[in-house]
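Two complexes follow with chain A in common, the first pairing it with chain B and the second with chain C.
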Partner chain A sequence: MSKRTTISERALTRRELIAGGMTLGAASLLAACVGTTTGGGGGGAATTGAVTLQNSVQDAEPKAALEALVKAYQGDEVTLNSVATEQFRAQLTNYLRSGDAPEVLSWYAGSVARSYADEGLLLDVSPLWQGDGVCAGYSDALRGLSTDAAGKQIFVPTSYYWWSVFYKKSAFEKWGVEAPTSWDEFHALCENLSGQGIAPLTNGLSSTPWMASGWFDYLNLRVNGAQYHRELLAGEHAFNDPEVVAVMEEYKRLIPYFDKNAASYTAQDAATPVAQDKSAMYLVGAFVTSYFPEDQRDDLDFFSVPVINDSVPIAEEAPTDGYFAAANSDNHQGALDLLSYLASTQSQQQYIEQSGSANLPTSPDVDTSGLSPLVQKGIELLNNTEEITQFFNRDSSDALQATADTALTKFLAVPDSMKSILDEWQTAAEGVFAS
Partner chain B sequence: MSALATPVAVGTGTGARRRPRPARSPWLHVTMIPVTLLWLSPIVFVLFVAVRSYDDIAGRGLGAFPASFSTEGFATALTEGGVLLALGNSVVVTAFAVFASLALSSVAAYALSRFAIPGRRTILLTMLAGNLLPPQILLVPVASITEAIGIADTRTALVVVQVGFGIGFYTFVLHGFMRSLPTEVFEAARLDGAGPGGIFWRIVLPLSRPSLAALAALATTWIFNDLIWAMTVLRTESKFPITAALLNLQGGYASAWNVVAAGSLIAAVPTAIVFFMFQKQFVSGLLVGANK
Partner chain C sequence: MSAQTSAPRRRSGLARVPLLVWVFLLVPFAIELFWVFWPAANSFSLSLTRWDGITPAEPIGLQNFRDLAADPIFLTALRNNVIWVFGFGGLSVVGGLVLAVTLNKPGPLVGLYRSAIYLPMVVSLAVSGLFWRVMYAPDGPINGTLGLLGLESLERQWLADPAVALGAVLIAAVWRQVGYIMVLYLAGLKGTDPTLEEAAAVDGASAWQRFWRIVMPQLRGVNTVVFAVTVIDSLRTFDIVWAMTRGGPYNETQLLSTYMFQQAFTTGNLGYASAIAVVIFALAIGFIITYLARQARTED
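And then the complex of A and B:
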């Protein structure tokens, strides 16, 4: 009997112990919740002094350059969060809709920014574009890209880059060829290189199928012009129109010139055959410089895709990067101050020098004389062009880009069923515009 | 416990019992060695990439044999990449989440398997039903719920979410296991005067150790390797777990593959350690529920 009571007493203490442990565990968990919340809330309450910059700039050197810029900022304390671009893309709506949204976010100008502005998620940054605001002196093209449907500025562009056909000077010399100046010369060059056993063009379409849109964009710009291109991407023309068929006919002529492995390369892998002189030319953005080994970067040169139809104004693709501010953040003034700082001539100068990649400044006052010859040539290219577009997805939407990826991947595999592919593309695009 | 051990014993026992063969057949090794090498080849490939310099990779391609040796990748991943900090976050989140979900689900499984709780079948199925939904459709609700209760962008939120999503499955498995414990043991304990708490602590938990260990091993790898919840709940870079940090190592346009490969190798170390520690339970963990 006495034995029994001791056991049950022991059991009781055990039970208490468990119960106690559980409560303790739960309590500490709750306490942790509360603790961190008040921490975050405290930060929120003291917002006058804090700004969050949500950053999607990923590549090592530009990211380091941005970190250095933020570190040197004299104003509010900035928390810089870098998020991988694809994750950032997926989370962007969540960030902007959150009750305590990050003050400033890096993203793209043009229709992408505009669509968020239409939902009322972006802060009006027009003050920066007026009077002696930091963006007041920017070009009209940039102002257009940064303006929403209501005529307010909602974006602050800080850098852009250009697309062109890149090649290695030493390789062209070795093969005894020169950069073409007309579309016929370009085809002759491709024939010549093919004859020498070199793949004239490279591309990387495996995990980066959007690279196929580079040639589509340029051929459309050269055949139908920038105006038509913009209208097409806005849904005002059909992808199975005769104009687009003409573009695809030109694209079809190029297919034999592409590296046979283009479908299995990524955009980055596709630069390797150029580095090894097995492939000659690559239509790609200026970020291509960082794909090459350091000692080959000075050897790179580029030429613009030659004119095909000389009745349309010459146009180039120049995707524009920069920042917008969330309407839902609680430190609007801090956001504007940080944007002014990031867009200032001095910051742009520092960013471009340190980022090492081929980015161009958006501020006309940046002293470009110290930049590499390649970048100087890029600036000249964009200064002399009549029209500027960005890139397929930035001129339309990520959803429309997906339809282009599907259609162009199929087209490159089976160019002969072009007509039916274009019909399918149009159906898919109508679905995107309807939603 | 014996139920769990039997299939293994059967597998190894029967062949050697009678008529001992003169020599072991070489075919096992002849086929398994190439298969093992094939299995290891991706890891060897990553190792090769990790010890090359960026210029070597850019100039000769990702698939080429190393022509250079540098530890630059590891150094960059550990310093600029913030892999160490992220690894710390992952370990903390995983430890808390695994402990909390197993503690809660073992209590729940005990109650559901040993007491006549009304509607316990429904409770169990409801808990399990959560696992049938793909996480993608729950991303937005989870993001707004964490925000509404004020724990958005905290590691606590990540632990809570992981516990919430794991607990259904763990309870289901433990429930099956605890139900199979012989009733006599419980009767004996009750005769000795043990209450429900005492039985749980002194009988059920020790007897469930194998299945708890198996679940702990599985849960650790699942939670450690999670990316989708971390990205949904967290926003501040210094709180990111290792999976998100590894993605950050990749460039938007250009990736320093040696750094990415080095970071991946470092990130694989904790899971590898857990795997080797719980190797036995891990294999039996795959059989959990197979013979409940």
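And then the complex of A and C:
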């Protein structure tokens, strides 16, 4: 206190004056900086010849494959920003809304992309889907997934993958079991493995609680069919309807078969017990191959979740990945050029070969004969299915996924409260559909 | 102490404050106003709207607050926050004080102990969270140690079992905070007058009496700081919970801050999230004002 009063009592010393001047200078400099960033931010990036590729590629090998692709790009200079998926998901709205949005962003096809398009945040990429555009020859299913409510294409799919029950051939051989072909056989297999002291199923629900939706989706597809599943996720049915209760009853029967640590694992951790032959099967996307040691990848095989109700058409989940471009970016042409490059047959081929993950190409011209037998089998699976869905969040929204995460992880922990959990889920879902 | 003598001088001094000093005060104040208070005030008005961050905000009055009152996740988060304020605050203050008193005495390796206890503070909360996630892993060191000691019955899915998850995160947070509180109290203890304690000892006061009646009253200033720091830290706790459990399993470890983040940035309900922010603000201000008012009363 006494020190402070002295300042006002005596004349400023020279040192104080200089320090004061410096602070003032710094303040005006700061003000100048603020001025340039607000005014010049757009201007700086408007110089064509630079594009930003914001992506959520997280696993090491796919990331390296993408980096290699970008490095070989002959067009504009590309800034590659890789952000962890969960973070990316949380920030995506902000990326797209910002006045100086990244030109190209990786994300998912379907209702998630469509909801951004409805808000006018995505660039119309229809030119790539017409004439001799890079996507012109893609399948109608992919075109449908990439089209918004107004009929414009707003997405460029570059790869997709399938979900199935993965297992190790050598382990099944060791345990003397075979892949099941019916739902009863599947249960018998689980019983058999449990009896041998092996956890029949694994899952990773800790920081990836959405993994609980994998079984929910498949059981719903097998019990009620793809049509009902889509309608349920669009809010046309309630989560406490008897149809969903029937699905949960099937889910309940599986609970004793899960690895006891499933709630503590992440999706990635959950592959470890399978690699160590402590756990047998994992219902997961084909990206799981990159979670296994390299020398085990050829040992992996899969079977589709067996039919439960043979009156519904067989359906598989095949999430489609790719890129969209922000409407708020400065370099629209640069974005389209980069998208054309990333979606080209050659780029897809290179990416699939290098990423080590079992991705399928979206371009019909990619030569798949050199791909691994596992991937060949995946292509066949999807070619022979009657219906294709993506995944819970991609067929609905991230907000609805959050309600599923809460409901399903709680159900797996306290299955006896199923009734009240479904009621809570429906209430939460109504909140999502209302907002 | 000097308040009485300097008060009249200050009043006359106000007119004589040179322009430069005013500039020093006003420029940062203007910046603070624009970058801190204005956005903060905005969250109050946002809390009365429904806003997804893209389309224009739609005013809905107090609906967000009514929804909060009926939202089971919010109520869990509120309950957890109360547990957190008392658990985190209580354990770190008691632990910090005990450590400070113990390590205030000269002894072998005291410096080493002090640095070791303070060390976790150097690491960011997110990193502490990752470290503790490894500790708590199903086959991690904690379950491993329990197994070695023959206490298999105590092994848990520490972060996945709602009965223990919040406590498990709490311990990790206290582990980090306790060193900080210890340093604050060590500084306070250095400022106490040892002769008073000696005099009390000569008069036959026990160690316990000396601590409560002689040392503690002298730590009043530090206590105020520790209280404010602890309440604010516990209400703004976010990173360690996010890094360890993300509010899971099924929202059982959700705090107000993590739920606010989830609502704002995962599900895009910025209006609703702002309403949660207002509740956090009200709680923090409520705690601090009550405490300061009580302090002022006891000082009178």
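Throughout what follows, the second predicted complex is superposed on the first by the 393 of 435 C-alpha atoms of A that agree within 3 Å, B and C clash if a C-alpha of one lies under 4 Å from a C-alpha of the other, contacts with A are read in each partner's own complex, and residues count from 1 in each chain.
By definition in this document, contacts are C-beta pairs under 8 Å (C-beta built on N, C-alpha and C of every residue); 3 or more make two chains touch, one makes a residue touch a chain.
Please read all numbers here as calculations on a predicted model, not as lab measurements.
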item	value
Partner chain in contact with A:Gly285 - chain B first, chain C second, else both or neither	first
Partner chain(s) touched by A:Val57 [first = chain B, second = chain C, both, neither]	first
Chain B versus chain C as contact partner of A:Ser207, first or second or both or neither	second
Chain A residues touched - chain C or chain B, whichever exceeds	B
Chain B versus chain C as contact partner of A:Ser264, first or second or both or neither	second
Contacts of A:Gln91 with chain B and chain C, given as first, second, both or neither	both
First, second, both or neither for A:Thr409, with chain B first and chain C second	second
Chain C-contacting residues of chain A that also contact chain B	5, 7-8, 12, 17, 90-91, 94
Chain B to chain A touching residues, read off their complex	54-56, 58-62, 76, 80, 100, 103, 107, 140, 143, 147, 150-157, 159-160, 192-198, 200-202, 231-232, 235-237, 244, 247-248, 250-256, 259
Residue ranges of chain A touching chain B (in the complex, touch as defined)	4-5, 7-8, 10-12, 14-19, 22, 25, 29, 32-33, 36-37, 40-41, 52, 54, 56-60, 64, 79-87, 90-91, 94-95, 98-100, 102, 267-269, 271-272, 275-276, 285, 287, 290-296
Chain A-facing residues of chain C, complex	2-3, 6, 9-10, 13, 16-18, 20-21, 23-24, 27, 31, 50, 52-55, 67, 72-73, 136-139, 157-162, 245-246, 248-251, 262, 265-269
Residues of chain A that touch chain C when the two form their complex	1-2, 5, 7-9, 12, 17, 20, 23-24, 27, 30, 89-91, 93-94, 97, 119, 121, 205-207, 209, 260-261, 263-265, 398-399, 402, 405-407, 409-410, 413, 424, 431-432, 435
